[in-house]
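In this document, chain identifiers A, B, C and D correspond to the written order of the chains, with residue numbering beginning at 1 in each.
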Amino acid sequence: MAGNSFGQLFRITTFGESHGGCVGVVIDGCPPGLKISEAEIQKDLDRRKPGQSAITTPRKEEDEIKIMSGVFEGKTTGTPILLLAYNNDIKPEDYQSMQNLFRPGHADYTYIKKYGIRDWHGSGRASARETLARVAAGAIAKKYLKEKIGIEFISFVESVGDIKTNIDFNKVSLKDVESNIVRCPDQKIAQQMIELIKKVRSEGDSIGGVIRGVIKNVPVGLGEPIFDKLSADLSKAMVSINAVKGFEIGSGFEGTKMRGSEHNDQFFSQQGKIKLKTNNAGGTLGGISTGETIYFRVAFKPVSTISQKQETVDKNGRQVSLEAAGRHDACVLPRAIPIVDAMAALVIIDHYLRHKAQNG
Amino acid sequence: MAGNSFGQLFRITTFGESHGGCVGVVIDGCPPGLKISEAEIQKDLDRRKPGQSAITTPRKEEDEIKIMSGVFEGKTTGTPILLLAYNNDIKPEDYQSMQNLFRPGHADYTYIKKYGIRDWHGSGRASARETLARVAAGAIAKKYLKEKIGIEFISFVESVGDIKTNIDFNKVSLKDVESNIVRCPDQKIAQQMIELIKKVRSEGDSIGGVIRGVIKNVPVGLGEPIFDKLSADLSKAMVSINAVKGFEIGSGFEGTKMRGSEHNDQFFSQQGKIKLKTNNAGGTLGGISTGETIYFRVAFKPVSTISQKQETVDKNGRQVSLEAAGRHDACVLPRAIPIVDAMAALVIIDHYLRHKAQNG
Amino acid sequence: MAGNSFGQLFRITTFGESHGGCVGVVIDGCPPGLKISEAEIQKDLDRRKPGQSAITTPRKEEDEIKIMSGVFEGKTTGTPILLLAYNNDIKPEDYQSMQNLFRPGHADYTYIKKYGIRDWHGSGRASARETLARVAAGAIAKKYLKEKIGIEFISFVESVGDIKTNIDFNKVSLKDVESNIVRCPDQKIAQQMIELIKKVRSEGDSIGGVIRGVIKNVPVGLGEPIFDKLSADLSKAMVSINAVKGFEIGSGFEGTKMRGSEHNDQFFSQQGKIKLKTNNAGGTLGGISTGETIYFRVAFKPVSTISQKQETVDKNGRQVSLEAAGRHDACVLPRAIPIVDAMAALVIIDHYLRHKAQNG
Amino acid sequence: MAGNSFGQLFRITTFGESHGGCVGVVIDGCPPGLKISEAEIQKDLDRRKPGQSAITTPRKEEDEIKIMSGVFEGKTTGTPILLLAYNNDIKPEDYQSMQNLFRPGHADYTYIKKYGIRDWHGSGRASARETLARVAAGAIAKKYLKEKIGIEFISFVESVGDIKTNIDFNKVSLKDVESNIVRCPDQKIAQQMIELIKKVRSEGDSIGGVIRGVIKNVPVGLGEPIFDKLSADLSKAMVSINAVKGFEIGSGFEGTKMRGSEHNDQFFSQQGKIKLKTNNAGGTLGGISTGETIYFRVAFKPVSTISQKQETVDKNGRQVSLEAAGRHDACVLPRAIPIVDAMAALVIIDHYLRHKAQNG
């Protein structure tokens, strides 16, 4: 299979290029009877969309989502849901000069080598615009999981470059995340992040960072060992996002330095319920959810598009200089929060349905 | 689908518990005409097997692999290949006392909550013994990729606890990796690792570490955006391994602190071939291989089974003490090297076949 | 997985209801570099569309197809292709009176029981309008197979009710099929079919028939035993079409009366090429194509929508009478020809790519 | 994917050649907690096994099934179930003379052309011995469906050559089917069938026939339009069986001659339950089960192995004569009954789980 589908039972297939007719997604397998509106989906898209604040790209994309099928009188029918956003702010001429060269850090080179042909308007299929479709599908997954089981997705920006918050993620609410434009719930650190991003942008450069993913109220039992462990599917989901270079769950890389006697989370009983004293595992054991909060970290490299002059080659191997014209994000993290939440929701809903099939 | 298959075109399905009749794997989709013998597969299994050195568990498992179908007169026929290893060193009585309690760090609790029933001999399906099947299937994948395209898999132990090598992975050969029992090609560091492992074991404890994964000679063009990016599938493959808590490719988490101007790998032309000056990307751009060496890191938590006394609960929620009897690894890293290589090979061969289907 | 995808490597996912915003399809896995235009796809759609002749429904649906993604400068790019047709001739009020009752022969009852909700405009997702998406995707598959390997799809109407042609399918060309409005290449029989359909329509009734499927120039070797035999996948493809109740390949049901000595097709050698003297097998042996013409038959029941008064019940179990207003086909066969060809093409291209992956 | 898996959620993967080490199946996705024993599975295998009666091949194959994983203390655990039968009656020398020639009606030619290599012992992977694995997996599916929902599978032999029963399938019990060695519940016709088979065998020939498939007590709502209709998946399941050339459900090919006014099954209400007066649909509408009995017909061609002399070619295209030595079935129908039931059960259980996931 080509790689544009994700999930087994709540299965999404996305399509669209940055400057083609549209981007969107078909969802096959959404349970019927769920109330859903374009406005609800739009809310999440607005968290992702360009031009939303002083630290995102000034590029204006309306990203207006349309429900084209699978919803009847405001409810899902169990048939495929098509969600579409037409591409309006199309300026192919911006890219004309770049059609034959390979931008560093971008997929221009690998696409042309793989497919022998490449839509060079924007980044074509490799554009981050495709994440719009993920967020749209994720909005439906989130709605279902919230209503049905009370699951919540509360990711936030943990670090930008060297600036990092040590806030206790257990105490962060969605409102805290949305309380500033960088989506870091630690107000003081958030200010520093914003300043750093502005500085980097003024230098024509870009910077990376880490998103802390948090999923609350996941019931015990989700995950399908031995390959489709919940942790493994979350990992794939995150690393499939543009610019992501790393994933860790629970104690992660730091945990490799611990002793087993420290790392093992002890079980105890509280009011007839079995719980864990610590949560180094990060919410899964053996790839199956424990009922504790799932938390993980996602590493984003600095945005590849920068305004500084860069050396590269064209398709004939000739050395050329590249100076990108302006409309890019200096830091993708604030806009990536809804993408991380969406991908997490797509993993959780899929595993929820899979679990229900076999064990429900 | 339940989660015991991996891959689309070179598709493996594994089965077996630690103390059941056998563990093994069916490979569906192996190209026909490949010469393969039990001895070749056995070689990789011997790198994984318990009891192989002074720092692994003294448990003796023969792990003798049998080819039961799909190979005719020494060659694959294109039909399903069944690989089996019977379980011989079975001591269910070792586990009798633990059948009703939940060992910290293990999947006892989540399995019983998920399935309502649990094979408590050893760790049942959640035992690391299932990785035998991965290594066996991976051995065939590796053979094919080596013969057909010259691809090599050269993972090694990069750190154990706090002890870490800074060796240049580009210069490490398979022989270097095999030159000591801890499988770290840096001899001095390796000695320190061995001592640490021995110390930890003498304390009845365990310790984690990081494996550096390295794949050489991957041709440009493998990977299926936007979900089945090569990086994303590698990530899932690694995090699906028992005890793995993190994955990063290329610059990984450290790269989040870099500026785009530093991080972007510049293209240049050398003797008519396009190459990259640096390799912060780690061998993929846009989820497609660049032709450069693929490298990544995999975080293993400390082994959950320790000899120290631990507090936990039984299935009725009653608090109990647990003191595991002896035969465990204090550090799983040395034996995990062939598992990481195998999973990497399974990802690469699958993407190789997928690429051939659509673009070949 | 929900059931709106078909194929593994050339994978289509369709969506849309008869009266919703649109119907269409995403194709994931189309090889890059194929020239394709909306006009080429439209040609096949026009063979399927309502109102095309005196014996089809007078309902006017424009069925105008749009390529929305995955094609760049007239060529496929290897990324998902979205094909859309907006629904224009929407008259939900026609169905208002039927929203609570179960039309005999239709899926109203099973949809409401399965999903608990039902789009009662037209037949919603169960409408034959969804076959538009199959034909559109099939047009691309056919183009590829024709250009790349010279494969041709030449189905025709073999019988309508009791009227049946005995024409030798080996001698029928696409031009012959298109030479009359009923798409039976036997002109005399075609006339009788047309008269029968007109008669049935004048009675407010409907009638079934059989389509002969014919695929020429399929190379030897396509098909993936033991479950994904070419014959098995063709069977599924055909029976998945609305109103289809039967499939047979080669000698089919009649062949069950033969002796093995008659039925076995003998091999012989001709100019260094191995061929078959007869073709009772219908073009596959062991589920793999033999290189001979593939032929099969597909049974269509009479259209469920008729103008005569029928007894049924409403959702409360109350007995009601139903008299459908006019715009239906009395016989679906002539319009089903491009659907059968499309589904056959989707099976063949998928197996072609699968074969290429493993054995190419 | 290569084609040796069937099903999505109750997913089987089969392996093994007729004369290799073993044949068998891995089941991934069987719900946990089901009681199952080797003896129960064996019962179905005994209905399939050679040498069971005067009209089957005298070849003795023990077909003894072993449960190797996934069952603990007599119950399924939700982990993969491996079922194995070792090959004992191996006589590769019987086939030595045939290794380079292409037996008419067999897959020798297509396998060598597809894979470039062929296990010529017996028919290798193309041997009907692989159906053993289907029956074994089907036995577990049947057990689950019987216990959980009361579903019953009661296929029988409807015709052998020209001899056909017109018995009302609604009145046939499993006991009736098992009341004679040909598995036709019409005793008089059964005798004629037995005589015909004996006659055909004495002539060194073979004969085909039709199996009537019957599934009782399927709840309304199973089936996943629009491609994975219950009817479509049953069709694929049946046509994937060795020697099957046709499938029809409900009115099938005969129904194409009916008028819509005759064919449409009327709904009516009985004691608060909605039912159908007739069942021309055969138990599905729109690809979803109606709650009525599902019935279908499966066409088996005459067995390809006959004792008469036949002309064919060898792999070099040289004409050769072939005279098969004895141990074959003259008619495969009696032994195919459990295979048809098994495949039907595999389809139903898969759709039951899929329905539960999305709508349960």
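Going forward, contacts are C-beta pairs under 8 Å (C-beta built on N, C-alpha and C of every residue); 3 or more make two chains touch, one makes a residue touch a chain.
In this text the structure is predicted, and so the values were computed from the model without any measurement.
Chain centres were defined as the mean of their Cα atoms; on that basis the chain farthest from chain C turns out to be B. Judged by contacting C-beta pairs, the busier of the interfaces A-C and B-C is A-C. With centres defined as mean CA coordinates, chain D is found 26 Å away from chain C. Once the centre of each chain is set as its mean CA position, chain B and chain C turn out to be 46 Å apart. Put simply, the C-alpha centre of chain A and that of chain C have 39 angstrom between them. With touch defined as above, residues shared between interfaces to two or more other chains in chain B number as follows: 1-5, 8-9, 14, 29, 32, 78-79, 114-116, 125, 225, 354, 358-359. Here chain A touches chain C in the complex through residues 1-5, 8-9, 11, 13-17, 20-24, 26, 28-29, 32-33, 66-70, 72, 75-82, 114-119, 124-125, going by the rule given at the top.
Interface of chain A with chain D (complex): residues 8-9, 29, 31-32, 78-79, 225, 353-354, 356-360.
Per the touch definition, chain B reaches chain A in the complex via residues 1-6, 8, 14, 102, 104-107, 109-111, 113-116, 125-126, 130, 159, 161-162, 200, 205-210, 220-229, 231-240, 242, 244-253, 255-269, 272-274, 280-282, 284-291, 297, 299-306, 308, 310-313, 317-319, 354-355, 358-359.
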